[in-house]
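Order of writing sets the labels: A, B and C. Residues in every chain begin at 1.
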Amino acid sequence: MNDTTPTSELRPRQGMDYNEIADVQEVHAAVQREKREPRVGREPLSIWLIVVYGLAVFFGGAYLGRFSGNFSGDALDPYAGEMPTIKKVTGPQGAQQAAELSPFERGKKVFAANCQTCHQANGEGVPGQYPPLAGSEFTTGGSKRMAMLVLKGLQGPVKVKGQQYGTAVMQPWDKTLTDKQLADVITYERSDWGNKASPVTPEQIAALRKELANHPNSYTEPELLAVPDEDLPGGAAGAPPAGEAAKGGEPPKP
Amino acid sequence: MIDASTRVPVLVFYTSAIAWLIIGTILAGLVSFKLHSPDLLSGVSFLTWGRLRPAHMNIMVYGWASMAGIGTAIWIMARLCRTVLRYPLLLVAGSGFWNLGVLLGAGAILFGDSTGYQWLEFPRYAAIILFVAYSVVASWAVLMFRHRRGEQIYITQWYLLGALLWFPWLYAAGQLMLFVVPVEGVLQSAVAWWYANNLLFLWFGAIGLGVAYYMIPKVIGRPVYSYHLATIGFWTYALFSSWTGMTRLVDGPFPAWMITASIAATILTLIPVATVGLNHHMTMQGYFPLLRYSPTLRFTVFGAMSYTVFSVVGIIISLRSVARYVNFTQVSIGYSHLGLYAFFTMVIFGSMYYIVPRLVGREWRYATLIKLHFWASAYGIGLMILMLLAGGFLQGADMQNPSLPFSESVETVLPYLRGRSLAGVLLAAAHFIFAYHFGLMLLGLGRQSTVPTFLNPVEAEESEPH
Amino acid sequence: MKGLAPLFLGIFGTFAFSWVGLTVIPNWQIGHLNPQSDEEGTDVYPQPQSGMAIRGARLYAANGCVYCHSQQVRPEYIANDIERNWGSRRSAPRDYIFQRPVFLGNMRMGPDLANVGARAPQEQKISASGGGSGSSPGSGQPGSTRVQAQSGPASTAAASPATAGAGSPAATKPAATPAPQTSPSQGPPAVAGGAAQASSPTASPAPWPIRTEGLPPMYSAAWHHVHLYSPRLINPDSNMPAYRFLYEKRRIVGERSEDALQLAAPDAPPEGWEIVPSYDAKCLVAYLMSLNQSHPLKEVRVGAPAAAAAASPAPGGQLPR
C-alpha cells in the first residue's frame, strides 16, 4: 500500500531531485488517484475450462504416445513401427505410391543416387571423361564383365564405343552397395536407354563376389577383355519378379 | 515514498532500454530493407546483413526488452514488497555493467566475433559482463524479497520471482553447455533452442504476464477474477512452456521423442493460455470502456490479448503437418515478433506509461503523442505479423513443391518482405515518438497536474480509471 | 500462495525438469556418438574438420550465414529436400558430431547447404570419409586443382583425399574451359527460362535461370568465390548480400594469379586489375566444400532416394533445385 507521509521536506531524499515541490496537496492527490494494490478474487473454476484442460491433456498425451518412437535415441523417425517407405504425404509425385517396385525402378533409384553424377541420367556419360552406358559394349554384352567392373572398379585407359577414356577412375562398389542394389542397378543399366541386355539377380552377384573375393584391386581393360564376354552363370531367365516388364519386357538375352 | 526510492534505478534502466530500442529499431530497418534490396549499403563488413541481423536481435533482446523488463520489475517489486527500495546503487551498477555488456557484445557481432548460436551470439567477454551485471540485479531482488512485508505473495510476484531466477539459470546453463563444457554435435542446436525458447517464455513471458497481472487490476481497481485460475495458470505455464524449445527444429536430425515432447508440450500450453486469458478477461469484464481513456490499460490489454494469439499460433505451427510447410520460412520470425513485441513490448510500454509519471512527478505531456504511439505500434506490428505469417506460409508452400525451383519461394515472399519494411517504418515512427516523449519527461517537461493524462477526455464518472 | 519455500521449490523444479528432459537426457542418448566405420576400419565417417575448414566455420558464424541457410536435410516422407537434390538421405545426429558450432539453421532464404560440398564437380570433391585435407581448392581455374587419380563419385568411401591446391590440372584441362552454355540435349527441366549446361562435365545444370557462361563450374571452389563476391552476377534474383569485403582488388603483377576470380561484366575489374580472395574467403570456401553428408549411414534408411525422379525422365545430371 502506498504510504502516506506527506511532509516530505523533512525526510532525507534519495537520488536526484526533479524539481519536485513537496506540496501536501500534490502528494495527497497522487495518493488519491491510486487505486488499491491488486488483490485476488476467489471465483471457482468453470466446468468448461476443465473440459478444455481435458482436451489439451488428451491430445497432447496422445501425440506424445504416438510419435515418440519409443523414446529411443536412435529413432529419428516419429513412427515407432515400420517406416512408410515411399510415402509421399503431399502427393504431387503420385506415381510412386506402390509399395513394391520392380528391379528396374529400384535400380533406377540406385543409379540416380550413385552413378548418375558421372554417367549422367541419360547414360551418355561425358565425352573424354566418363564412358557412356547407352549402347556400350559392356552394358549390352555379357553381364559378367559389367558386373566385375561395377563390383571392383576400373582404372586405366578403356575404349568404349570407339572412344578412348581413361582420365577418370571408376570406384569399386562392392563395399557400398548390397547384392540386391548391385543387381538392380546393373539390370536397370542394361535395360534403359535402348539397351536390351540380360538382367542380373542378387544371387549371381553374391556368387561373383565370392569368386572375386581375392581380387582386391580395380580391373584394367586388358584384364576385363581377357574374361569371356558372357553372362553370369545362374538363373537370369525369369528370375526378376515381374521385373523388366516395367519398361516393356525385353526378353533376356541368351 | 516507495516510488521516490525507486526513481533513480528504474529511470536508469528505462533510459538505457529506450536508447537501445532506438538503436535496435534503426538496425531493424536496415535488416528489413536489405533483405529485399540486398545491394543497399553492401560491401561494408560491419553492415553486412548477416551481422546486422544478430546485432539487432541481441540489442532488442538484451538491451531493450531485458532492461525495460528489469526496470518495471524493480518498481513493481518495491511496490508489492511494500518496502522502500534499498541499495539502489547496486542496481545502478548493475545497469552500468549491463549496458557495457550489450555494447561490447553488439560491437563484437558487427565486427565479426559472433558465436553463431541464435540469441547467444555475444562472445564470451561480453557474456561474462552480462552475467556479472545480472547477478548484481538478482541479488538485489532476493534481498528485497526478504525484506518484504505482508503475508500473501501476490501473483505478479510469483511470475517476477520466477523470471528473476530462471534467467540466470538459463543463461548459465546455455553458456556452460555451449561454450564451457560444450555438448557434441546436434545437441548444440538443441541446447541453443532450448535456451532461446525458454528465454522467450520463462524470462520475457513471465515478466509480461506478471506485469499484466499487476497493471490490469490496478488500473481498473478491481481484484483479479480468480486465485485458482491464477495458480493453475502459473504452474502449468512454467511446466509446459519450458519444454517447447524443439518445435523450431521439427523434422531435424534428432531422436523423434525430443521433437514430439516439445510438440505435445505446446499442445498442453493450451491450459495456461486458456486459464490466463479467461482470468484477465473476467477481470476486465464490464470495464472494457476504460480502454478509451487509459494508455496503460490499452497497451497492457493489447499485449495480453496478443499473448493468446501468440500461443495459439505457436500451437498450430508446431504440429508436424503444419511445420513441414512453415519450417525455414518467415513464419518463424513472425512468431517471435508476436511474442516479443505484440505481447511483451506492448505490455512493457503500458507499464512505462504508468510508472514514469510516478517517478518524475509529472504527467505525460501530450495525449496525442501517446495515441500516435499506440496506433503506430499496433498497426505496425499487426501489419508486420500479417505479412510474415502470410508470406512465410506461401514461401513454405513453394518450397514444398518440388516442381518449382527453390528461388520461386524467395520470389514469392519478397513482396511480403517489402510490406514488412513498411510496417517497420510505422514501428520506427512509434518508437521515435515514444523516445521523444520520454525524453521530455526526463527533462522535467511533463505536465504538472494532479490528473493523469488520458487518451480521451473523461466525462464525469464515479469510477475513474488510473 | 503463502510461503517462499514452496514457490522457490516449484520454480526450481519446473526449470530442472525441462533442463534435464531436453538437454541432459538427450546428451546421455546422443551426446557421445562415435563415427561409423566399416569392418576394416578404413571407411570412417564422419571425419573431423581440418585446418582451413575450421576457421571457415567461424567465418560462417561471424558473417551470419546461418540466418538464411540451413544445413539439415529432412526425410523424404515429410519434405522434398531430397527431391531437390539437397542430399541423398536425411541428416542424422551422427553427421554433426565433429562440427562446432553446428549450423542446423532454421531459415531458408537460400538453399540448404548440408551437401553443398557434395555437389562440387568431381575433381574438387573432398571425400567425406577419406579425410579431406581441407586445404584450399580456391583456384581460379575451373575444374582444376585435381591431383589424385581416383575420382569416382566421391559420395562414398574409397576416394582418396583430394589434396587440392597443388592444382595439376593436366587430366582435366579439356574440361576446364568454360563451356558454352547451349545444351539442347538437356531439355527443359521444370524451370522457367532456360537452364544452362554448366561448363564442367560433372557439374549439374543450372537449377534456375542463372548464368553459367563465363563462370566456373557450378559449386566448384572458384564458383563459390564468384558467388560470394557477386551473387547477382550468377542469379539476378538472389537477395544474398555481396561479401566484397572478403576480397581484395589489386593490380595484376606479371601474370594473373591463379586465385583471381573469374568475373564477368558488370562486376569484372578494370583492365590490369584482379580480384583475389583473402585468406578468410578461402577458409570460408574450404568450409563450404567440406560440407558433405552423402556418405550412407547405417541408421538412416535410404528408402527412396527419389533424386531427379520428378519432372523429367532424363534431365541431365542432378538438379539441385
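Here is the rule we use: a residue touches a chain if its C-beta (ideal position, glycine included) is under 8 Å from a C-beta of that chain, and two chains touch if they have at least 3 such contacts.
Worth saying up front: this structure is predicted, and the values here are computed from it rather than measured.
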Path length in the contact graph (subunit A to subunit B, fewest steps): 1
Chain located farthest away, centre of subunit C as origin (C-alpha): B
Between subunit A and subunit B, centroid-to-centroid distance (C-alpha), Å: 38
Inter-centroid spacing, subunit C versus subunit A (mean Cα positions, whole Å): 17
Averaged-CA centre spacing for the pair subunit C and subunit B, given as whole angstrom: 36
Numbers and ranges of subunit C residues touching at least 2 other chains: 26, 29-30, 75, 78, 80, 83, 90, 92-93, 310
In subunit A, residues with contacts to at least two other chains: 72-74, 76-77, 90, 92-93
Subunit B, residues touching no fewer than two other chains: 253-255, 261, 320, 400-403
Of subunit A, residues touching subunit C in the complex: 72-74, 76-77, 83-90, 92-93, 96, 108-110, 112-118, 120-122, 124, 126-130, 153, 155, 167-172, 175-176
Interfacial residue positions of subunit B with respect to subunit C in the complex: 34-36, 38-39, 42-45, 48-51, 53-54, 112-118, 145, 151-153, 158, 161-162, 165-166, 169-170, 173, 177-178, 182-191, 194, 198, 202, 231, 235, 238-239, 242-243, 245-246, 248-249, 251-255, 258, 261-262, 320, 324, 327-330, 332-333, 399-411, 414
Of subunit B, residues touching subunit A in the complex: 1-5, 7-8, 79-80, 82, 88, 154-156, 213-214, 217-221, 223-230, 232, 253-257, 259-261, 263-265, 267-268, 270-271, 274-275, 278, 282, 320, 358, 360-362, 400-403, 444, 450-452, 464, 466
List of subunit C residues in touch with subunit A within their complex: 26, 29-30, 38, 43, 75-78, 80, 83, 88, 90, 92-93, 122, 149-153, 155-159, 171-172, 174-175, 185, 201-202, 296, 299-310, 314-318
In the complex with subunit B, residue positions of subunit A that touch it: 1-3, 5, 8, 13-16, 18-20, 25-26, 29-30, 33, 35-46, 49, 52-53, 55-57, 59-61, 63-64, 67-79, 90, 92-93
